[in-house]
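One chain, subunit A, appears in both complexes that follow, with subunit B as partner in the first and subunit C in the second.
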Partner chain A sequence: MIQCKTSKEIGGMGHSMKRKEDDRFVHGKGNYVDDVKLPGMLYMDIVRSPYAYAKIKNIDSSEALKIPGVLAVVTGKDLEQYNLHWMPTLMSDTQMVLPVDTVMYQSQEVAAIIATEKYIARDAREAVRVEYEVMKPVVNPFKANDEDAPVLRTDKEDQKDNHIWHWEVGQKEETEKIFNDAEVVVKEQMHIPRIHVSSIETCGCVADYDKVDNHLTMYMTTQAPHAIRTVIALVAGHVGLTEEKVRVISPDIGGGFGGKVPVYPGYVIAIAASFLIGKPVKWIEDRSENLQADSFARDYHITAEMAGTKDGKILATRMKVLADHGYTDASANPSKFPTGMFSIGTGSYDYSHAFMEADAVYTNKPPGGVAYRCSFRVTEAVHAIERITDRYALEIGKDPAELRFQNFIKKDQFPYQSPTGWEYDSGDYEAGLKLALKTVEYDKLREKQAQMRKEGKLMGIGLSTFTEIVGAGPSKDFDILGIKMFDSAEIRVHPTGKAIARFGTKSQGQGHETTYAQIIAEELGIPAKDIQIEEGDTDTAPYGLGTYASRSTPTAGAAAAIAARKLRDKARKLAAHLLEVSEDDLEWEPGKFSVKGAPEKSKTIQELVFAAYTNHPQGMEAGFEATHYYDPPNLTFPSGAYICVVEIDPETFEIDVKRFVAIDDAGNIINPMVAQGQVHGGLTQGIAPAMYEELIYDDDGNILNGTLMDYLVPTAVESPNWETGHTVTPSPHHPIGAKGIGESPTVGAPPAIANAIVDALKPYGITHLDIPITPAKIFEALKEKGVLDKPIVG
Partner chain B sequence: MIPASFDYSAPSTLKEALNLLKDIGDEAKILAGGHSLIPMMKLRFAEPEHLIDISNVPGLSYVNFEGDHLKIGAMAREVDLEDSKEVGEKFPIFHDVAKLIADPQVRNFGTIGGNLAHGDAANDQPAVMIALDAQVEITGLDGVRTVGIDDFFYGFYATAVQEDEILTGINIPVPTGRFGNAYHKSERKVGDYATGGVAVHVELDAEGTCTKAGIGLTNVNPTPLRASRSEEALVGAKLDDTTIESAAQYASEDCNPSSDLRGSEDYKRRIIKVLTKRMIHKALERAQ
Partner chain C sequence: MEKEITLKINGEEYTQKVEPRTLLIHFIRENASLTGSHIGCDTSSCGACTILIDGKSAKSCTILAIQAQGKEITTVEGLATTEGVHPIQEGFKENHGLHCGFCTPGMMLRAVELLEKNPDPTEEEIRWGISGNLCRCTGYNNIVKAIKYAGAKIRGAELPSTEPVFVE
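Presenting the complex of A and B:
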């Protein structure tokens, strides 16, 4: 289906080339932060709070310091002397590095132990005596601003309650009018649960400060090494760590998913400790610390409403969000977007009016709001619109597929202006849904469903036809702490025609070493296997904002294509020189220039590169290198049509995902196999919040499932057989027409599953269930409705 | 995930192991497969000062049919039951349960003895042993004693195995007539402990009347539970739908689940009822 312009040997776009990096990984030769071992290296472990909200009365380190091998116990008071006890968050809020007097969530860092061995450091944790005065925490975000709720952020002078910010977009009055006059209005209150990325590799670093050179090398699990270097310089410049003295190295990363964008206190403490002691300090979180203390994702309470006609025309939508941010707003969003791209929540449908608003509150929970495999709050938005669309179909008794066809933005309406201000670049939603329906044999399935209902069986079919928004982003709107969200590529081709290319992004398993090479191969005709890709070292790679929000292909991938085109232009000049013809007389095919009409007169790209070093024309700069910083003109808008089929045991309510069809449109595809791998992984992380994952807290703010025994990360066993496919609608503004694929499945899958389960329970009159939907939750819902074990009617 | 420091011995005879237990006293712990003990140590829920690894002690890993008993050594691994064709023929319940215990890694290491000695009502083997009326062999320096499974589980992490004793084997009577058995548990995802689990063993006479029944329940009581009323409902009866239904109802009434992340008390009672019904049917099918 995908046409390749290059031969298999060149391996440009469209080839399912095996991932170059996998050799290293399957041979156990990956090099992760925990593999870094430096002479004299010390180890750090962290004492954490057992309470969600408490005053620290005293920290007694004397016993810990008596343990042989324990060198130091660092507390907030120690950091306060250097004004390093607080740090800024990406959202211009502040976060404690170590507390001086108050802890704000269970598992918060309280003190750090530096020791000669990690075992000693761990044992010393028990020996640090901390006296707490426990206070009643704010746990329920709906009660965060009650009269009797304590104001949590007393450190902020102007803060008189626990409200952080209000945000809104759209046409408030007009939308309200449409709702008042509409024939049909549907409304559901939904929670997109607080979840955790749970990457296989936890977070950690080795901070290596050299006192003599006044230089810091920071090996770190980060998705954005360049931005981190700048942040370190901004935070620690006053103690001498200016930006040229800081090198951040992000080696192999074992999964990031947004969880390795933030700066965690542990990193900063390790830097401070190395700075003070003058030796390298390693800090690696354990699994429980990772789960309990590192940034969460989602946690949006959404009231979603849709207004429409009786025969199925959507007229307007309204969404109201309550965002639980924990004790500080440490979201990883572009600075001007407190709710990220939530305003994509008008969906794939054509209507003129929408209004969305959000309020964020502080609670005694870990901070965060990371974009977990999702371009900044898109998962939340897509869940709301796709659920409420199904709710509307249910209300008016229309087939949800038919309703979607009726309302889709049509192919010829692109570029499409959404009511919340986005310009969707391209799409063909009808084609995607048609293919999905055909794949699943939708009509037959609906017949089967009717039959099964007659037999008392519970079967449901759920759809999700979503629009994503990725590739942040154009510099006019998008920045993080003021740094514009461009990204970069630098290509150096060596005299023998082999190349190295470096990027401002950082793969965490996405396969950049392969796909970037394929983009360059496509444009330059140098075989992808001859192109080495490097990322993650701020001393060598060009500046960029990193990898998250499906932005690598849309930004750095575009930069690679354009840098390669600059080189192709140079190659053309060299070819004209060598073949003694004018540039206009040359014809390009992947890998060589030949003279028009005389194809036997040609020069391969390798010959031309060699000439750039050995025989370049007078006046031409020698060498064969190019760099490009790509500032995207718009975001890209991938889309998908997903269908999920479930059967539910009518006695135990165990949910069996029978089928899952995912048709994605990510524009042009660089490597179909890598793209499919991304879809498989993303879908599995899509069933996760739909059926399994949620971080649960009790009224005292204790986490109830802080280990993987109870925080249920699905495995291959829980994954159904994913049936994948795609349609191709290239992005008109992207140099290679690609849109980004990594996050669509995570974003699109949860509502398809929720819709299927709710559809299965339709005979019981269920209209909505919050994810994760578990058998136990279905039981409670039916019990509450008084329909448990009632015979069902089809 | 680093345990507190501890000493380690790996004795090569049972006698040596028992002497070590006696000498070190209550700070010592037997290490079998380590798949319950070591996770607890890593979380520092358990901080034993001395581990006595009994994996070098010979003669504890047997799985044999001997006379009218199936004999299982304490150090036989879950995988040994899972892989034994002979066991599967007479006691398919062991194949049912093995497949539901975590993943192959855990089953390659976890021992049957450890699964019982851990004294955790969430483990799956206890209910199976209750259904099969197992006898547990416990060895001390004074010799071997045998404890019926109903007298084995004392409480949370507490069993009849005393501090100076080692569980050495399990004996299961093999019936001669028609019989069948089955186990299933409801779990939130693979590798999870049971929301509720039910083990059923039935024996039938030539007419199909139930002559003996064993029903054990997992994770719905502080200790592994025998559903006595359900068993009584079956014995002496033809196992028709009404009988099975009432046995299932009794099991759901007599268990004592508590509400937690796996579900409410009500939900768990329902799981027990449904699984009891289904497992009796399955055991019955297997008895044909």
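Presenting the complex of A and C:
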């Protein structure tokens, strides 16, 4: 049970307050970017490449331009005149806005139509004739650096092959020595597939350039409006769009999951078109365009190895990654971290040595490397460590739960220095796993499994006990394009005691309008219902780096608490003035200051705020406002213990998730209902790549499942009934002890599911299956083991 | 070649000239300026555009506006009445059945038809019943809960608790 310090009326931390934003959503009054309609607005549509790698011989727009209502067909050559045909990526690579001569992946933008109506723009799209000279693409990342592979990035002078970068961390030689001497070494090759966030709202914008004022208002589905404003100014400052002339408005967002962090070519083309024509230009992509061209997630090929003793002590791990980045490195990572937080891959276990390395390559696939509800590549790392841990348990014949207890970092070892350089802030991994085991009645479940195996039934139990790393991040290490990854809150309390607070983050469904209000309510005692939260307008909100990587509560949430504490300090001064006592003689309880020993002498926060405008002491600044920019001293390390139980049909190999129990530890919880909702959603985005989702390309670089007809986003039928709970281990360095929750389940669920399926197939000699694990994959694996010669059913 | 059509949406008549190829969802969003119905895909897979036509749920991206002439169309904007919100709206809000809100209007209208046919559906009936509507945020647990709650409200039965349940 979560204890609350405030009354339900105040609604501070720990209350399952109903969400303040929901009224507009359930009435259809949300305001998403496609709902923005401006006078004289034009519509943009995009011609895309049918080929993965081709020279553009000619673009013939003449037929398109004959269609009444078509104003322009914009090509790379048009943008080249303004030096707007390319843009920088977040990883200091470059990306075409529109190609001048070569297309690098299927569905790449080739030209843009600007027309008076949506349907006319689409007609014109079909009328543009593009002549291509098709070339043999590089599709398989393992062959990207073969001698006969073409060098893809001929636009980069120093690029002599398709290798992008090498990265490593850890103790290479010592780790190798441990592996050489170890009693047990296990190794698996895994692919964490290329997947797509596929938020139900696609990406889009309305670029509204006012020629008279030389001012751009950009309505845009962005998770990081301030960073976008700065990027626009950096890229287009030379044509007059300096930062004070740019306003980015991120309206309601229909899901983000990292896919709305990058700048896509469509945004830049829309800005350029509005700039040149002087009218608002709307661009809303189709789902198929979104799936086929916008940033992918994952696509890491990992060789994972673990060394240990025969009785189950983990000694070291080694991981080697091949990262397929597509045509350019457009990963959404902090600048100094080419593999994001992959180095968290030593997991929840206490051992001294690890070595990890990664190489990235270019291929003829769309660029990307975004989150998919995950903090910068944590999911890849967690999958590798949780799978290889299970593989080790299998090898030595030890129960995977027992092996985890044996190796957990213990509660009293925190803060814990990991062999790859992180300082884990806090954790109680044993408590989480104990609760998960108790919930599923683990021992009985194993007995049941033994019985079912005798009957030839395929039942598996899978565990995942993971550590996340979120809340980027401390300014000494974390920046994006040089901008430090702090975040901000500004609170203004009006004379009547009601407030508005603005943030540098941007909710995409996480419920900030409720949870931020609860943090301020906790600190100031002003009821959460009286606090309006605003985000997403760069003209009014304080600067911040946005919402992704579970960073909103760790950064902006902390900023809210500290800004509120500044105001509480001011309230204390006002109370001392009004009650004519010294500040030390005052006691705070949520919502009021009273005189120690004389509780009848008190002033409510509302009275004190009113006094700040009507009766403030001489020498004190009037008003009741505070701002804080929070630079976190460390990251936060949420953790979880997940157990999945599956049964596999012995004839069709259909996988039935019978139970899934998720115990999370995200530190102190702001709103249990919202936190649980985040866990539910994250779990479904965990089962998705584990069993259903993968972007598949053929040898010619054609995407084979680029629509929602064949890219399988789980429905309510595929999604099991999630059972969730929590342990609470507060972050010691975070002002409210919170850690962030939105992504843990997406990170932790896939290995639990994979481990359960592999466990079900254990009697047949299967040690690993790559996700997504489908009935077809199980069939192939069993066939290979020669166990399908006779029926499995006992 | 535009054609004048009249559509009755949420009890109000909208007369507009449209091309025969105009999709119903575009008529609703652009011509009638009712932007509560959303577009989430181009293959009739996501259900964000779900509305009611004569009380039956339909994906309005797969129907031409002209086909809907003479029928009663209900969108999310037509759910609440002067007497208050529809039970399904209350269900979604009280049970945290939505996060980003983008799939919510379509999901609610689908649920309205479901509950019209059977106000006391089992969890499995609800899950299959909304399997034409995708939600990327919620993991569906609380959508199921929201629909059960609305069913109880419609039946006049005792309302289930809206507090989150945790394993302890």
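In this text, the second predicted complex is superposed on the first by the 788 of 794 C-alpha atoms of A that agree within 3 Å, B and C clash if a C-alpha of one lies under 4 Å from a C-alpha of the other, contacts with A are read in each partner's own complex, and residues count from 1 in each chain.
Just so it is clear, a contact is a pair of C-beta atoms (placed from the backbone, for glycine too) under 8 Å apart; a residue touches a chain by one contact, two chains touch by 3 or more.
Only a predicted model underlies this, so the values are computations on that prediction, with no experimental measurement involved.
Look at A:G597: by the touch rule set out above, it reaches neither subunit B nor subunit C. Within the superposed three-chain model, A:G397 lies out of touch with both subunit B and subunit C [touch as defined at top].
Residue contacts after overlaying the shared chain place A:A776 against subunit B, while subunit C stays out of touching range.
Once the two complexes are overlaid on the shared chain, A:T707 sits against subunit B and subunit C alike.
Of the two partner chains placed by superposition, A:P791 touches none, neither subunit B nor subunit C.
Contact with subunit B, but none with subunit C, is seen for A:Y692 once the two complexes are overlaid on the shared chain. More residues of subunit A lie in contact with C than with the other chain of the pair subunit B and subunit C.
Touch criterion met: A:V717 reaches subunit B and subunit C at once.
By the touch criterion defined above, A:R122 lies against subunit B but remains apart from subunit C after alignment on the C-alpha atoms of chain A. By the touch criterion defined above, A:E654 lies against subunit B but remains apart from subunit C after alignment on the C-alpha atoms of chain A. In the superposition on chain A, the residues of subunit A touched by subunit B in one structure and by subunit C in the other are 118-119, 286-288, 707, 709, 715, 717. Every residue of subunit A that touches subunit C in the complex is listed here, in rising order: 1, 16, 18-19, 21-32, 34-35, 37, 118-119, 197-202, 252-255, 257, 284, 286-288, 435, 439, 508-511, 661, 663, 672-674, 676-685, 707-709, 713, 715-717, 719, 721-726.
Interface of subunit C with subunit A (complex): residues 19, 21-22, 26, 29-30, 33-43, 45-46, 48, 75-77, 79-80, 85, 89, 92-94, 96, 98-105, 108, 123, 126-128, 130-144, 162-164, 166-168. Remark: subunit A residues 118-119, 122-123, 126, 286-288, 651-652, 654, 692, 696, 704-705, 707, 709-710, 712, 714-715, 717-718, 774-776, 779-780, 783 touch subunit B in the complex. Interface residues of subunit B facing subunit A in the complex, by the touch rule stated above, are 1-2, 4-5, 43-44, 186, 188-193, 195, 261-264, 266-267, 270-271, 274-275.
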